[in-house]
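One structure is given below, encoded as structure tokens.
A, B, C and D are the chain letters, set down in written order, and residue numbers restart from 1 in every chain.
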Amino acid sequence: MFPENFMFGASMSGFQFEMGNPSAREEIDPNSDWFVWVRESENLVNGIVSGDMPENGAWYWNQYDKVHSLAVDFGMDVLRIGIEWSRIFPTSTKHIPIDSPNLLEELDKIASKSAVAHYRKIMENMKTKGLKVFVNLYHFSLPLWLHDPIAVHRGKQTDKMGWISDDIPIEFAKFAEYMAWKYCDIVDIWASMNEPHVVSQLGYFVINAGFPPAYFDPEWYVKSLKNEATAHNLAYDAIKKYTTNPVGIIYAFAWVDTVSPAQRDIFEDAMEMSNWRFMDMIKDKIDYIGVNYYSRMMIDRLPTVVKFGPFEMRWNSLTGYGQSCVEGGIALSGRPASDSGWEIYPEGLYKLLKAVSQRYRGIPLLVTENGISDEKDKYRPFYIISHLYAVEKAIEDGIDVRGYLHWSIIDNYEWPKGYTKRFGLAYTDFEKKVYVPRPSMYIFKEISEKRTTKHLIGYDPYNLINF
Amino acid sequence: MFPENFMFGASMSGFQFEMGNPSAREEIDPNSDWFVWVRESENLVNGIVSGDMPENGAWYWNQYDKVHSLAVDFGMDVLRIGIEWSRIFPTSTKHIPIDSPNLLEELDKIASKSAVAHYRKIMENMKTKGLKVFVNLYHFSLPLWLHDPIAVHRGKQTDKMGWISDDIPIEFAKFAEYMAWKYCDIVDIWASMNEPHVVSQLGYFVINAGFPPAYFDPEWYVKSLKNEATAHNLAYDAIKKYTTNPVGIIYAFAWVDTVSPAQRDIFEDAMEMSNWRFMDMIKDKIDYIGVNYYSRMMIDRLPTVVKFGPFEMRWNSLTGYGQSCVEGGIALSGRPASDSGWEIYPEGLYKLLKAVSQRYRGIPLLVTENGISDEKDKYRPFYIISHLYAVEKAIEDGIDVRGYLHWSIIDNYEWPKGYTKRFGLAYTDFEKKVYVPRPSMYIFKEISEKRTTKHLIGYDPYNLINF
Amino acid sequence: MFPENFMFGASMSGFQFEMGNPSAREEIDPNSDWFVWVRESENLVNGIVSGDMPENGAWYWNQYDKVHSLAVDFGMDVLRIGIEWSRIFPTSTKHIPIDSPNLLEELDKIASKSAVAHYRKIMENMKTKGLKVFVNLYHFSLPLWLHDPIAVHRGKQTDKMGWISDDIPIEFAKFAEYMAWKYCDIVDIWASMNEPHVVSQLGYFVINAGFPPAYFDPEWYVKSLKNEATAHNLAYDAIKKYTTNPVGIIYAFAWVDTVSPAQRDIFEDAMEMSNWRFMDMIKDKIDYIGVNYYSRMMIDRLPTVVKFGPFEMRWNSLTGYGQSCVEGGIALSGRPASDSGWEIYPEGLYKLLKAVSQRYRGIPLLVTENGISDEKDKYRPFYIISHLYAVEKAIEDGIDVRGYLHWSIIDNYEWPKGYTKRFGLAYTDFEKKVYVPRPSMYIFKEISEKRTTKHLIGYDPYNLINF
Amino acid sequence: MFPENFMFGASMSGFQFEMGNPSAREEIDPNSDWFVWVRESENLVNGIVSGDMPENGAWYWNQYDKVHSLAVDFGMDVLRIGIEWSRIFPTSTKHIPIDSPNLLEELDKIASKSAVAHYRKIMENMKTKGLKVFVNLYHFSLPLWLHDPIAVHRGKQTDKMGWISDDIPIEFAKFAEYMAWKYCDIVDIWASMNEPHVVSQLGYFVINAGFPPAYFDPEWYVKSLKNEATAHNLAYDAIKKYTTNPVGIIYAFAWVDTVSPAQRDIFEDAMEMSNWRFMDMIKDKIDYIGVNYYSRMMIDRLPTVVKFGPFEMRWNSLTGYGQSCVEGGIALSGRPASDSGWEIYPEGLYKLLKAVSQRYRGIPLLVTENGISDEKDKYRPFYIISHLYAVEKAIEDGIDVRGYLHWSIIDNYEWPKGYTKRFGLAYTDFEKKVYVPRPSMYIFKEISEKRTTKHLIGYDPYNLINF
């Protein structure tokens, strides 16, 4: 059984959900690196981005009321939204010193009044419907005044170096403090940022995933991680000045499997590199840990140690498992893969919750993302059952998991993949801006209502629930 | 919207559901042609039957209470069951003249008391739970004293010729009258028989489907159809002596599509051969028409007219469409096919309801079977939505459809295919005899509760709902 | 190296190659069981036969000169042809006693003069071109006066019982003696019959392969084998009265693999049942053994012993290996399968030649059939290399193999599969009656010229040559 | 019929064939951009290059005698080799003025004596065996002193800009003159360079093919093309000072198909962009045109005109055709695709020869590359037949084609794809350094011997030869 106060909900972000009306100029935010990145000719010519444009999206900016109603109708207690830094501060805040006695007033002068007001309206609407408000302050997209992804990508000199810049932690802290000042009365749960390791890894190391700036530099990979950690820690303190509500981080933890049980050393190395290195840097400044989980990583030992700048790699991750499967195919384990080619592996979530809680004892966990791109809803019903079963089992083992937020409530803009990868419980008609619950959404509701998965798990078409 | 008195339910049969405990000798019915057929060495050696045995089945004979509860929990108003002729009369009734003044008493002497009583217990349990009782008297399996399928298959002389025998209509009438006499107080809806045309077609014409007796004889195909019609007509009158409740027939109607719209003549020929020829023979003795629908039939004109005994075939049905697709594959139309290789084609149900109601004006319709073998529930959620949408739309067009019975509520014994083709809303664990609702069952419930599909049809992953 | 006198050649049969002009009535032979079988309505309606008709075939009857030239051009020394019993004796020979002093004269009166003359013309043409004449007297098709396949299939009483009849061995002996009398001056190598075990197995046991009479009866399976053996033994003595040239039999040996090496007992059982039982009956009446080999058989132990009439089956053959693969697919072993779904397994030929030679010491071997249905010639080049390597290796091991006859030189009529399965070294245009060498035919020629495969086997795209 | 003096042969290059012994330091050439590129960590981490290393290759440097023998054995008249600029001049030649009176002597001082000598030994070996010597001076790999591909890729300032440098045409002219001076007595056919447009397109425009420097800049794409043209023109004049033998260029012509015949304008635009623009720049300085052809390009009109720097793109090329198919799959046209995913489209070669000869009247053509990566030799036999048929037909139409050089005689290093894409007529065992003719090589020989494809084209498994 899920405890009475266990939260069911869904997660969203700003860039992927907000825009939807290409003629409504005032709704469009052209001031972020991703806005530029997805329309850059090099990326388009080479198919690195989809060609889909974010301004044709799900239109949450306008239709938040519909989305909130949907959430309530299907048994949700909480919704997580993102606030776009570039909407709040379309222009630089660098000239305002962090230690200015009038920091907030000065920031207020250059902040976008309409953006600040609009986000509040969205939150108020949630509250009216009885939904908890969960706000995250950074989700992949940076203001252009902080990051020129094209210049960095092409090796051009620029002072807009994104997470490589020395001053970005301070700027983020200012933004966080301003947000806390503005919304501390209405936000129930705060997060500083989403998946910082993904930003660094896909930005500077494994660069063919289509994430900006796609510039290979192992040193920068390390530096950006450190800056993100510093930014979080400063932001935590800044927010905490205004609220006692929980402030945490959202992290895409990797669950690592090795091809042989004898490879304990590379298991630990991979867990360290993917998870613990960053989390250890911020572990004293979090009230909860947000766990994002989609699939696992299968690794094997490399025949020889390979050096990349500061790294000695002793393993690599295998194609055919985890997030490296054929789209819509079958993983080498025999399990189905999603439209994104991600193996369905629910036990990874269970094992991860155990591992995270064991390492960071006393800090409560929240599943902040979990879901599947599955346009035809072939696998999502069972994906929900099996992953919520993993959470339920973890709770029964004594792990302190406080909630489960599905990614996501509606289809949205999947970064370089555009609109083809559909993660919604409700199908989104991007032309008519209509949301229709998929069959799986009724399963979500059933579990949320009955507070358990136990009556559902006898049906296990892939024999996955054996953990 | 479905009208208030519209019935939602599910259909079952005797042979496919009842048995389940191979050690319980008294529960096993070895006296039917199918019981012998599925364990015949020729069929086993050649893979014509699956090797699965019916006595390892879903065990409805014992667990009917669980099945009835499941039905109620998921919004069902009615369940259809089958009564096994060979259970009621394990030995021949031929020696008792139909015009005997003591017909029923004499039948009663040789009927199985325990079988008669057990079926009543099942029906009473349904009633207790508020379910309507729908009883069908013949569903594919004949008593061995009427049909020796091995002898007929091998061309051996026998007087147990099944539906070819001249005396079988009379025997069926006796059985029907006895049943009506026994159960007229408790049965709400009666059907004489299930899919008579399938029995004839797969028995004597297209004989490689693994149905007994698999003996090619176009003349017998015709003769058996006539005998089935006569049997129905006599049974109708016999039952009607005891009840005013509706008595009908259950028929697997084919919806025919032609490769070119100019082939109106072969369309009509195929509709006549598959549907109207039989139905016309019994149309004056039915209170309702039970419509079974799974997929369509795609036909094309043959280059030359081919003669088979009494037939001149001008068309044939095409592989890659309807029920001739690759199992689990994609039809040539681009639509998915079920685990049985049956194309998903909901508009066929809509068109069929229109065509049947137009030809037999004034006779109400019941969808008595509709479903999909889909072990992993990939397609069933949308199969239910789209086919119930077809029914809803037919009703809105003024067609008098009184109910929808899904095939089926639990997984069961799919004739020569055994247990591999799973049609249940609830998954059946054949070892533990446990039924677990699949995700699609919640969709069924949702529609039954809301009395409409309208809020669901915007989600249409295959663009099928365009009729 | 292949020895100097090692023969390279190809095999053909009568029914599959001769006809080709449907308007030339005199060329068509309607008097055999297969001629009737492939146009029977039951078989056509059920797709048991292809619908292709043998009279639209490769037309060897008329174009033998072209085929013989092709053989010579590509390095062949010998061609095997079949003589159609029903062409020589369109009507019964039963009324002529075997011990009649004028047996041959009386047979001569009712034999078809034109057929006898035409076959001689064919053989003379071969001789002129320097080809050895290899004649086989029975290849699947029986005269209708000996076998009514439809009556037997339907279980109807008939005295035309084919290989079940008590008198068929005697009739075959008469036919063989007559042929020897007519052609002893010109035939270099004689065979009594082709693949007797296949005739019995597919006729009376595993009956869904589309072979007549497709009547399941394990006793008949045994009886027909005995009759075939008796027929061979009588024929051997009859032919030997007229010639000292070698007389043998052509047998489709199975190479058996077991899923586990511990299954020696079922290996021996399967080898006994498939190979030795028949061969032991005739082993004293053969001057050579003709080995037909296409693929292997993979077997596993059955969970329980199953009884079929006189048999106790302890094993069955597995789908996904040998001749039970998906057409054009990949075997479970990872090896490619032919257009017929037959796994490519050259080591089976090597192992078989060893096993046969070991059991029947002193009797020379001839590979009388080996080939692949591969319309697009994807695998045939390597099929030839690898299987001829197997023969070469066997010879180097001391096995006395005298020749290799590929099946076949041109595409032909593949029994129930019709013209879709193409086994020719030369492609056959069945409309224009033109034969065009496929690329693989040049490989055949290369090996025949160089008398070795050694310079070719380093190229082994499937890593098959590891025996 | 191919004319008597028509040349059959094969093409090779330096970088892809020469190396093969990683311990033989003196044989390895580390001084080219490709040598660095294929071992750069960014490329390895991201799977942009295969990880295969060129020093494990086919070892032509050492085993040229074997390769030449193979060529002679299989009916070849000519072999094309490449000379590695970086082997001849491992260090810069920039300091030697082009107009120096002692240009050749000064170049000679810094040229690698051993490289110059070794290439001569290779050519002499060819001559000894009766093979014509065809030498190409530039094939993708540039000396590192001219091109730092990593710096350019990362946007770093460098004066080693490859084909973007203003001085590269002059340097190339010096190299060409030196080569002509050294080898004018032995080389029969000269080419300046191979596929200049590919170098520019994959280097600066469609940059995800893994070619250095993979830096998107449409202006550079144009500039590099111009520099290549200038380099060719200077080289032509330089070589012609020393020889009257033919000097030409090798160009990868695209054959363009449009989805609709009404798209004549974009057809001409694409032909102009892909073929004519460059060729027009050099058309007065060629004695023959070398045509490389593998597959076609299928294009469709873009919904709107897209601008990339200096370009207005009105069309794009379609996935599923030409070189954009699934590896080893089937093109959308139904034709098979090679291991590289390249559609088999022989009529493209025919159409191209016509188009090229029509535009550049009077200049003879040579097919300088044509082949298929097909490890298992499934398609190569027919690929050779059909493409040589295309050449034969073009000749019969009056086009002046002087020879056909297959790519290639042995498997080799396929640039970023490494050793997985095998284009050899002979299979290469990269461990044992052994070459074994594939079956298709016998087809090549057959055609070369008979001087025609006519007896082979009736076999056309994909119905491709209908032009």
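Please note the rule applied: a residue touches a chain if its C-beta (ideal position, glycine included) is under 8 Å from a C-beta of that chain, and two chains touch if they have at least 3 such contacts.
Here the structure is a predicted model, which means the values were calculated and not measured.
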item: Chain of greatest Cα-centre distance to subunit B; value: D
item: Between subunit C and subunit B, distance of the C-alpha-averaged centres to the nearest whole Å; value: 46
item: Whole-Å separation of chain centres (CA-atom averages), subunit B against subunit D; value: 67
item: Each pair of chains that touches, named by its two labels; value: A-B, A-D, B-C, C-D
item: Partner subunit C, residues of subunit D touching it in the complex; value: 375-379, 381-382, 385, 426-427, 429, 434, 436-440, 442-443, 446, 455-459, 461-462
item: Subunit D to subunit A touching residues, read off their complex; value: 41-42, 44-48, 153-156, 205-208, 215-216, 218, 306, 308-309
